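Here chain A shows up in two complexes: once beside chain B, once beside chain C.
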Partner chain A sequence: MDIFLTLFINGLSEGALIFLVSSGLAIILGLMGVVNFAHGALFVWGGYAYVWIYQMTNSFILGILAAMLIVFILGIIFEKFFVSRLYGNAPAQILITLGLNIVFIEIIRLIWGNTPIAIKKPDFISGTTIINGVTISHYRILLIIIGISVLIIVNYILKNSKTGMVIRAGVQRSDMVQALGINIRLYFTIVFAAGAALAGLGGALYAPLAGNVISTAGANNQILAFIAIVIGGLGNFSGTAKASFLLGLMNAFVAWFIPSFAVVTNVLVMAIVLAFKPEGLFSEGRKSILRLAVKK
Partner chain B sequence: MKSLREHIQRDFSKNVIIALSVLLIALLIFPKFSSYTMLNLLTRIFVISVFAMSYDILRGYMGFINLGHAVYFGGGAYVAGILYNKLGTTIPVFILSIAVVVLYSVICALVMGKLSFKKGTSVFAAAMLTLALAEVVRNIAESWRDVTNGTDGLIFKVPSILSNRIFFYYFSLIFLIVMFIILRKFILSPTGRVIIAIRENEQRAEFLGFRIENYKLIAILVSGVSAGLAGLVFGTFNRFANTELLSITYSTNALLYTLIGGTGTLYGGIVGSIVVNVFQNMLLNLRSIHPIFERWLIFLGILYIAVILFMPKGIVGTLRHFIENRKVKSDNEKSSKTEKAPGE
Partner chain C sequence: MASILKVENLNSYIGQYTILQGVDIEVKKGEAIAILGRNGAGKSTLLKTIMGLVNTRSGSILLGEDSLVGIPTYDIANKGIGYVPEDYGVFDYLTIAENLKLAIRNDTKDGDDRIAKVYDIFPDLRKASERMARTLSGGQRQMLSISRALVNDNKIILIDEPSKGLAPVVIETLAVALKEISKESTILLVEQNFSLACAIASRYYIINEGRTVVNGKIEDLIQDTQLQATHLGI
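Moving on, here comes the complex of A and B:
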């Protein structure tokens, strides 16, 4: 029973991490219809930025904020100079983000080298609590809390705020929204950068959990995030959240009980979902507003 | 056959044929005068060209982004290495490895095609699926240490005649020419025409009564088998296979070659392979000048982004466009001259 609880918490925290990466992707894909293959690079940039600032200031909060800020700026650059030229051309978007991914991962290797940089969890959160023989890592609890707060906040913004409304309208009729005097391009840039910042947050939180940061971490997490998106339904935000937690839990349990099977489970699940329910496991039946954008 | 001839006439004017023959003769006598480094570079270009062309069948002629194309390439190299290590380095084993590679590629292509060409699968989901499948194969190669030697990579010996660099140079040149002719015939065949039609307008092709999924499967089979063979030759050339050959890096490399050369042209793969490999070689030589050239991939990445943004048709596509424009212009001038003539 104890092991179940431990695995459950590990799975949830891993799911929260996957969610942080995939949520950015889901926002960018769902709202703007852009498939961002540079997300892994943004994730790793978040990790390195966190490590860099953390080693300088020794402050966890500052490190996280700096990581998000740096990746936010990167997101602005990506959108303004590259992605914005190719709206409506999905294959070209995939290609250009792949190119950006290559370049920005290489830049990391240029600056910080190709070897992993070890990083410890900050002291105040590195402890564990033992309840009834179950060891609970504080850091994992923090991950779960952050993941769920991000889920609630982003969901609220998408559904209720004016920003969400403008973007949803802008995806359907950008000319009309512009005629109302709204600078839709600015909104697109900010959405892209916000999605990027979420990836940065994921990278920053991932580094202390993994104990090190390395330039190849981006690719693996990007694949996980993509799998979560496909399982959850393209551009379906809450579906992506559910899928992320499902993946996290599944990974934790499979890795414990059938370790040799761990690598292929995610892909297998994705293949099964695509084969039998290509619209995603958690699609709500009705046309979600988010998914309209992808269809377009 | 008529359309084939028309095509040959369109692409190969008399001057081009002369130029190509000169190039071929130059390539044939090249080993007499060159260093081993240059010879190796050219051999590499020949083999990579086939890989790039196989990718062009999917990307250029079918409009499909395959992020798992390395499965065939790396798989081919691994099959060769494993068979040489287990069965010995003789020519029959080499021939056997060709058969095994074809079989392996067919199986991979069938799985990949069946999954990603299902109806309702978007471009993105299909690309993801291919990427994920490639990751599975790479992970298998990494964890099956007894056979593949894991992440250390597999070192193997090849039949002695194939380890002769000059022989291998000719071998890969012939390989390139043969594969080019086969792939070109395939594209010009009725099947190839249908595949292009699907790229242009999938719905219309379907309404015309073509079972598009079958045609897509044929395309990925052809493409996969040629990439597998390229991998086999590449592995035999390097006498080494590692998991990087199976990684997304190699899939995006294939994408890079076709994009830079020009998609949907078949020559584009060759041109792209030449440009990228020569460029890469130059950058690697510059390493002694400044350490930034250690990370030559940055420059390739920038080149790649620039091509997508400013030259989406690639080198061959842009050249073709330019030549066609000039032809139209000169035709116009001719016709305007003839119009003028009666007036004078």
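Moving on, here comes the complex of A and C:
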């Protein structure tokens, strides 16, 4: 029972991290039809930006905000100068985002080097609480709280704001959104950058959990995020959230009970979903949103 | 009367295909003009070219004094054009109310009153206002699409085949509404349903293979069965 609770909390916190990365991917894919392979680099930039500012100011909050801001700006640059020229051209998007991923990770290596930089959790959140013999990490609780907060906030924005309406409408009919007098390109830039900032937040929160930042940290997290959006239904936001937490929990339990299976399970689940329910496990019959998004 | 929309020698293309190759149209304030012609003649493409959704190769499109050629679709719409596309263009994952709200432009101050007014024209929409548009029937979608063009004070409304694919009773309802709307708005109406076009428009242009070939008063066309047979296949 004790181990069950520990694994549950670990799994939820892993899920929250996966969600922060996958949510940005899902939004970008859902609205713009862009599979962003540079998301891993944005994640790593979030980690380094956090460490840089945290070491300078000793403030967790400032570190997190700076990471999000820096990666938001990177997102604007990526969208304005590269991705925006290639809407509707999936192969070119894949190439350009893969290229950006490589270049921006190399830039990290140029600035910060190749060796991991150690980073501790801030004191106020580094402790643990023991309840009935179960050890609970405060930092993991914080991750869960942030993950769920982001889920609620983004969901609220999608449902209630004008930006949300434009996104929901634009995913289906970007031509008609424009024909109503709305400059959807402006929204594309903002949404791309916001999705990037979420990846940056994920990277920033991941660094203290892992205990270090390293330029290669993006790859694994990006793959997990991709698996989450496939399972969740491409571009489907709430489906991606469910899939992220599912993956986090599954990873935690499988890694504990059958460690040798830990890596294959994710891919296996994705393969099964693709084979039997390719529109995603949580897609409510809203099939092939990707095709809708690419069509414009 | 001042002309609201003036299209001269318009040529437009999609990819490597030239679709329009010489379209001339003039719409004056308060008029309802019908665009007629066989399937594939280029009627929908004309509306899309005006909206900037299809590229212009040469010729001019003037809204009042302003040229619409080469400017982005959202700027064209913001100059005061409402567009009701052939396939309704309704946003499935927005409610009816949200579809209407999104259509209200920044410079429209009386948006809520206008929404109330379209609900009076189409009471069905008021009843279903909180429903997702994906649950609507074809007729309701058409009503919603037309309504979106009415929530702003547009200089002109472009409507593409409102009767297409709808049941006769629904078409009748739409005809009444469109007649009502045409009293207050300037309309460019593409329509294959000849009797509907006659009920609403005062003048017509016939498009054939991307060119305007004939135009005149609707009354005269109603008499001219020869012309109808040649260009409309009636």
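Here, the second predicted complex is superposed on the first by the 271 of 296 C-alpha atoms of A that agree within 3 Å, B and C clash if a C-alpha of one lies under 4 Å from a C-alpha of the other, contacts with A are read in each partner's own complex, and residues count from 1 in each chain.
Note that a contact is a pair of C-beta atoms (placed from the backbone, for glycine too) under 8 Å apart; a residue touches a chain by one contact, two chains touch by 3 or more.
From a predicted model like this one, the values you see are computed outputs, not experimental measurements.
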Touched partner set for A:117, first chain B, second chain C, both or neither: neither
Touched partner set for A:65, first chain B, second chain C, both or neither: neither
Which superposed partner A:136 touches (first chain B, second chain C, both, neither): neither
Chain B versus chain C as contact partner of A:169, first or second or both or neither: second
Which of chain B and chain C A:35 touches, first, second, both or neither: first
Which of chain B and chain C A:182 touches, first, second, both or neither: second
First, second, both or neither for A:109, with chain B first and chain C second: first
Greater residue coverage of chain A in the superposed arrangement, chain B or chain C: B
Partner chain(s) touched by A:95 [first = chain B, second = chain C, both, neither]: first
Interface residues of chain A shared between complexes with chain B and chain C: none
Chain C residues within the chain A interface of the complex: 51, 53, 72-74, 77-78, 83, 85, 89, 91-94, 98-99, 101-103, 105-106, 148, 152
Chain A partner contacts - residues on chain B that touch it in the complex: 63, 65, 115, 118, 120-125, 127-129, 131-133, 135-136, 139-140, 143, 248, 252, 255, 259, 292, 295, 297-298, 300-302, 304-305, 308-309, 312
In the complex with chain B, residue positions of chain A that touch it: 29, 35, 82, 85-86, 90-92, 94-96, 98-100, 102-103, 106-107, 109-110, 219, 223, 226-227, 230, 234, 260, 263-264, 266-267, 270-271, 274-275, 278-279, 294
Chain A to chain C touching residues, read off their complex: 162, 165-166, 168-169, 171-173, 175-184, 286
